[in-house]
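Take a look at these structures.
Shared between the two complexes below is chain A, which has chain B as its partner in the first and chain C in the second.
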Partner chain A sequence: MIRYVLKRLLLMIPILAGVAILIFTLMYFVPGDPVEIILGPAATQAQVDTVREEMGFNQPYLVRLGTFLKEILVNHSFGNSYIYGTSVGAELASRFPKTLTIAAFSIILSTIIGIPLGINAAIHANKAPDHISMFVSMIGVSMPNFWLALMLVVLFALQLHWLPSSGDKGWNYYILPVVANAVGGIAGIARLTRSSMLEVIHADYVTTARAKGVPERVVIWQHALPNALIPIITMLGGRFGGQLGGTVVIEQVFSIPGVGAYLINAINNRDYNAVQGSVLYIAFTFSVVMLLVDLVYAYVDPRIKAQYEGQSKKKRKVRSSGKAVSQNG
Partner chain B sequence: MSEHRSDFLSVRDLVVHYHSEGKTVKAVNGVSFDLGKGETIGLVGETGAGKTTIAKALMRILPVHSVEHTEGSVTLEGKELMSLPEHEMQQLRGRALSMIFQDPMTALNPVKTVAEQIAEAVRLHNNVSRSQALDRAKEMLTMVGISADRAGEYPHQFSGGMKQRVVIAMALACDPQLLIADEPTTALDVTIQAQVLEMINDLKEKLSTSMIMITHDLGVVAETCDTVAVTYAGQIIEYGTKEDIFDHPTHPYTVGLFNALPNMNDNAARLSPIDGLPPDPTNLPQGCAFSPRCPYATDACRKGVIENYTVSGVHTCRCIRAAKEEV
Partner chain C sequence: MAETSVRKAKKIPRPGSAKYVWYKICRNPLALAGVIVICLLVILSILSPYIMKYDYAKIDMRSAYQGPSAEHWFGCDELGRDILARILYGARYTLSVGVLSVLISAGVGVALGAVAGYFGGAVDQVIMRFLDIMAAFPQLLLAIAVSAVLGTGFDKCIYALGISGIPRFARMMRANILTVRNQEFVEAAMSITCTKPRIIVRHVIPNAIAPLIVEISMSIAAAGLAASSLSFIGLGVTPPTPEWGAMLASARNYIRLYPHMIMFPGLFIMLSVLSFNLIGDAIRDALDPKLKD
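Entry: the complex of A and B
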């Protein structure tokens, strides 16, 4: 198992290197540069050319790529933002907790509400409770989250004055963003849990559990659910990984200075360092989350764990048999 | 039909109908039989004859979503099971009556260790600690011929035959009074079949358990059963002791079953199968359900209800020929 984790961590190196080169190249080819934005529309062509020269934007592709990679590898830095002049790394580090808060609580909410809803629907499949919860979750899935966010602001901030409408000055500022962000997840997880549970709920081993005299509640939660979890974990992991990269719309609506808002501004301003830094950060967090998801798979399903362990065992066997061959030769 | 020959298990007029795509599937249509303490009854019949449905109806684990209608009476040691509240039935399942399932490949939960799965039943029905239950599980595994140090392994690490042993260990873990074995050997190859049957016989004697052996294999019946009930289209069409059925098969269907067996003594090039297919349970024929396939069918067979005639002693047969020949 440890071998598997190490292997996956090592695999992240080429992935991140690939992402770094790709995002640099893409930004290189995107028309426009930060100079025009820094100097504003009133600047003359001569001024623009001078600043461009100063900032090194006239250098050839390979030289600029080399500088960028050297900066990351040697100085462990993404450089400074051209627009704000602050360190991109420090900026991301200060924004990360805010994005993490929204993402983590959204996922927790999706899990603890979505899964029971889905199970309830599956148990009563094709009866009233199923139809009601699937109808409600259909609305949840199809409702755009910015619209829901605005409606929540109108109701809870403007009308009832219970919660602040924007900013991030305390925990209560996060309630509306998390709720607005989680509704789609709750509905999606509920629908997925329902269909996944329906596949296992009539399985023979569930009947076996009943035949042992296991109470129905335990049959559902301990015998059926663990077997239905794999697709649910996949979806939760995907959502979590995606949201760690910024919940752009939610951050914009509630003026929360998260990672997503930073990246969008950086792209609009052609703020190369900020874009490259943010994208690498997203690639890194996503890889880590996906590794965690794969580890959770192994925890949930012993067959998958056996596969991971089998992979490294097989390799070892091949290696030792290879040795035997070379000795013979 | 009201006399209770046995005070252990008595099934009376059991009916189970499923619904499927708007049609009513008449799976079990008035099944009655008795079983004494320590006895084994064989339920024999083709696929789809309703054998497994009878078993699940006794356990009350029929799939709720597709059952349309059940009726009849099942009494176990004087207790009526069909009207028992669910929580009381739960306490009987696994302890008073338990079931060995047909397909060992799917009957075990893939995400729980085999010991956990056996220990779960033990803990539910006995006031024991987790570790005591696990000890009992290991003891059961040893009893079915699996080394106790494999207790912590998962079903996917076992072969089909060993999974079947685990299923058997699980069913026997709480010393049930009634064991329902639903084709316990069908999924196994022949060498393992013999071992498993021998093991079930041993355990049955050791624990003096009554058993319902569901099978389509007459060889299994010969090895394990005291009495035999031949089922066809959800009815018991012939019932008797093993000797009655094997030596004097009376119903044309039972006769057909025996004729369909390969015989080592005569060198017939072909087996003689029963022509035709089992009837569609959504559309059972009038009169005798076997009449469309029966070489002796007359007009009288195709209308009315065919009664159960006594052939001799406990030997009964649901065929009008039995009435003509023997009475």
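Entry: the complex of A and C
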């Protein structure tokens, strides 16, 4: 298992480096630069040229890429925002928890509601409860999360005055964003749980369990679900990425000062450092989550575990005695 | 044998054929409703300049902010433009962004995946490692980053979404190619000295592409949603173009007093995405016998 974890950790390094280079290259090709926005429309061409020179915008691609990577690796910094002059890293560090809170709570909410819904649909497959819950969940995946957010604001904030409509001054400010962001996830997870439950529910071991008189509840939760869980876990990683992306949009609706709001503002101001920093923050988080999902997956799926454990056990046994190997096959 | 004759008697097309897919869609009332909704939206969008009482761009400050009425079914926006007319005209943007961007993702993704899967080795490594990097971004974030480079506009929105969808299709295609490549009919083609491009185009791709059709139909729905998200945050299609996401972006400033401006464009996004999803579901049922229950 440790060998597998190490291998996956090592594979992360080139991916993360590639992500940094790709986002830098993308930003390099953005037409126009922040100098004109910083100096305002009244600036003369000479002023613009001087500032451009000072900020290093005239240097060749490779030199700028080198500086960018060196800053990240040596100083652990994304540089300063061109517009506000503040450190992008510090700004992101204070904003990121808000984005992560929304994304994490939405994925938790999606999981704890979506999986039971999917199981319920699978148990009643092709009967009324199944058809109804699948049609409702189809509506759920088809709804734009930001529109749902707006409608929730109209209902719960503006009409009923139960919840605040924007800002982040307390935990109750996060209810609407999390719910709006989670609905698509609930529906998606319910649909996947249903189809992967249906695949295992007719398997021989489930029939065996029923035949020997195991209560139906135990059959579903202990025999069928663990086996249906593997594709669901894989999907959760991707879903988390979706929730992170969704949070970027949701933050706009609720004026939550998270990474998404910072990113969109930075794009409009051509504030490269801030754009690069925000995108890297989210992409790094996503990669780490995908790594964790792969590790959980390996832990849950006995086949992957066996593959690596098998090797180390074999070696140990070769050292102790040659006979054991042939017995292991 | 008996099964075949029953199928012939009932005139059921052969499973896997396009006719069979259509047959399954017709037998599924929800999917059929989806097809009808999409067709209606396309027709109404094309005809809207001729059949609507109001022009989608006509400003009439006297009726600004009006709620739904017999005169204006969905009410009017902040400039007094008829919302129904704008929604129907705007259907062309949301629907075509969804379809065209998926065509780009699928086209480029299939080509890359086919090359990587068929040739393997160093080519495969280079292509797949690059796609790994692209896949390290959440898809919407990649679309946001690409549209930050390209700027705003209808065509650029299509490119941004199209590029961000490439990795998924390429990976699927590569996996399918790897399965197809080792089958007997490819070996047979090689043994009669078929040229490599001919083997790829005539034998490998057609057999590897079928599972992708399901993915394509589902992706159109997702791309439509992503397009409206991009426009909503001001990066895709921008106002005054009546793209539904863009309409929501400008309507959200009036959410306190005039929520009708927000409700209708969102309902239409939902309706069209739902239709594509229902059609995609029926296509999957028709093409993927494993999921039949």
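Convention: the second predicted complex is superposed on the first by the 299 of 329 C-alpha atoms of A that agree within 3 Å, B and C clash if a C-alpha of one lies under 4 Å from a C-alpha of the other, contacts with A are read in each partner's own complex, and residues count from 1 in each chain.
Heads up, the rule we're going with is that a contact is a pair of C-beta atoms (placed from the backbone, for glycine too) under 8 Å apart; a residue touches a chain by one contact, two chains touch by 3 or more.
In this text, all values refer to a predicted model and were calculated from it rather than measured experimentally.
Visitor: Mind checking the superposed model to see whether chain B and chain C fit together on chain A or clash?
Guide: In the arrangement built by aligning on chain A, the partners chain C and chain B fit side by side.
Visitor: First (chain B), second (chain C), both or neither: which does A:I15 touch?
Guide: A:I15 contacts chain C only, not chain B.
Visitor: Tell me the contact category for A:A203 with respect to chain B and chain C: first, second, both or neither.
Guide: Only chain B is touched by A:A203; chain C is not.
Visitor: Centred on chain A, what angle do chain B and chain C make, from Cα centres, as a multiple of 10°?
Guide: 80
Visitor: Now for A:G56: first (chain B), second (chain C), both, or neither, which partner does it touch?
Guide: A:G56 contacts neither chain B nor chain C.
Visitor: By the touch definition at the top of the document, which applies to A:A283: first (chain B), second (chain C), both, or neither?
Guide: In the superposition, A:A283 contacts chain C only.
Visitor: For A:A125, using the defined touch cut-off, is the partner it touches chain B, chain C, both, or neither? Pick first, second, both or neither.
Guide: A:A125 sits against chain B and chain C alike.
Visitor: For A:G66, decide between first (touching chain B), second (touching chain C), both and neither.
Guide: neither
Visitor: Return the chain, chain B or chain C, that is in touch with more residues of chain A.
Guide: C
Visitor: Of the two partner chains, chain B (first) and chain C (second), which one does A:I267 touch, if any: first, second, both, or neither?
Guide: second
Visitor: Which holds for A:G213: it touches chain B only (first), chain C only (second), both, or neither?
Guide: After superposing on A, A:G213 lies in contact with chain B but is clear of chain C.
Visitor: Pick out the closest CA atoms of chain B and chain C after fitting on chain A and give their distance in Å.
Guide: Superposed on chain A, the two chains' closest C-alpha atoms are separated by 10 Å.
Visitor: Touching chain B and also chain C: which chain A residues?
Guide: Looking at chain A, the two contact sets intersect at 125-126.
Visitor: Under the touch definition given earlier, write down the residues of chain C that touch chain A in their complex.
Guide: Those residues of chain C that touch chain A are 30, 129-130, 132-134, 136-141, 144-146, 148-149, 151, 221, 225, 228-229, 232-235, 245, 248, 252, 255-256, 259, 262-263, 265-266, 269-270, 273-274, 277-278, 281, 290-291, 293.
Visitor: Note which residues of chain A are touching chain B in the complex, please.
Guide: It comes out as residues 125-126, 202-205, 207-216, 223, 226-227, 300-303, 306.
Visitor: In their shared complex, at which residues does chain B touch chain A?
Guide: It comes out as residues 56, 59, 61, 63, 65, 86-87, 90-95, 98-99, 101, 103, 106-113, 120-121, 124-125, 154, 156-157, 167, 170-171.
Visitor: Spell out the part of chain A that touches chain C in their complex, as residue ranges.
Guide: Touching chain C: residues 14-16, 18-19, 22-23, 26-27, 29-31, 125-126, 135, 138-139, 141-147, 150-151, 153-154, 158, 195, 198-199, 241-242, 244-246, 248-249, 252-253, 263-264, 267-268, 275, 279, 282-283, 286-287, 290 of chain A.
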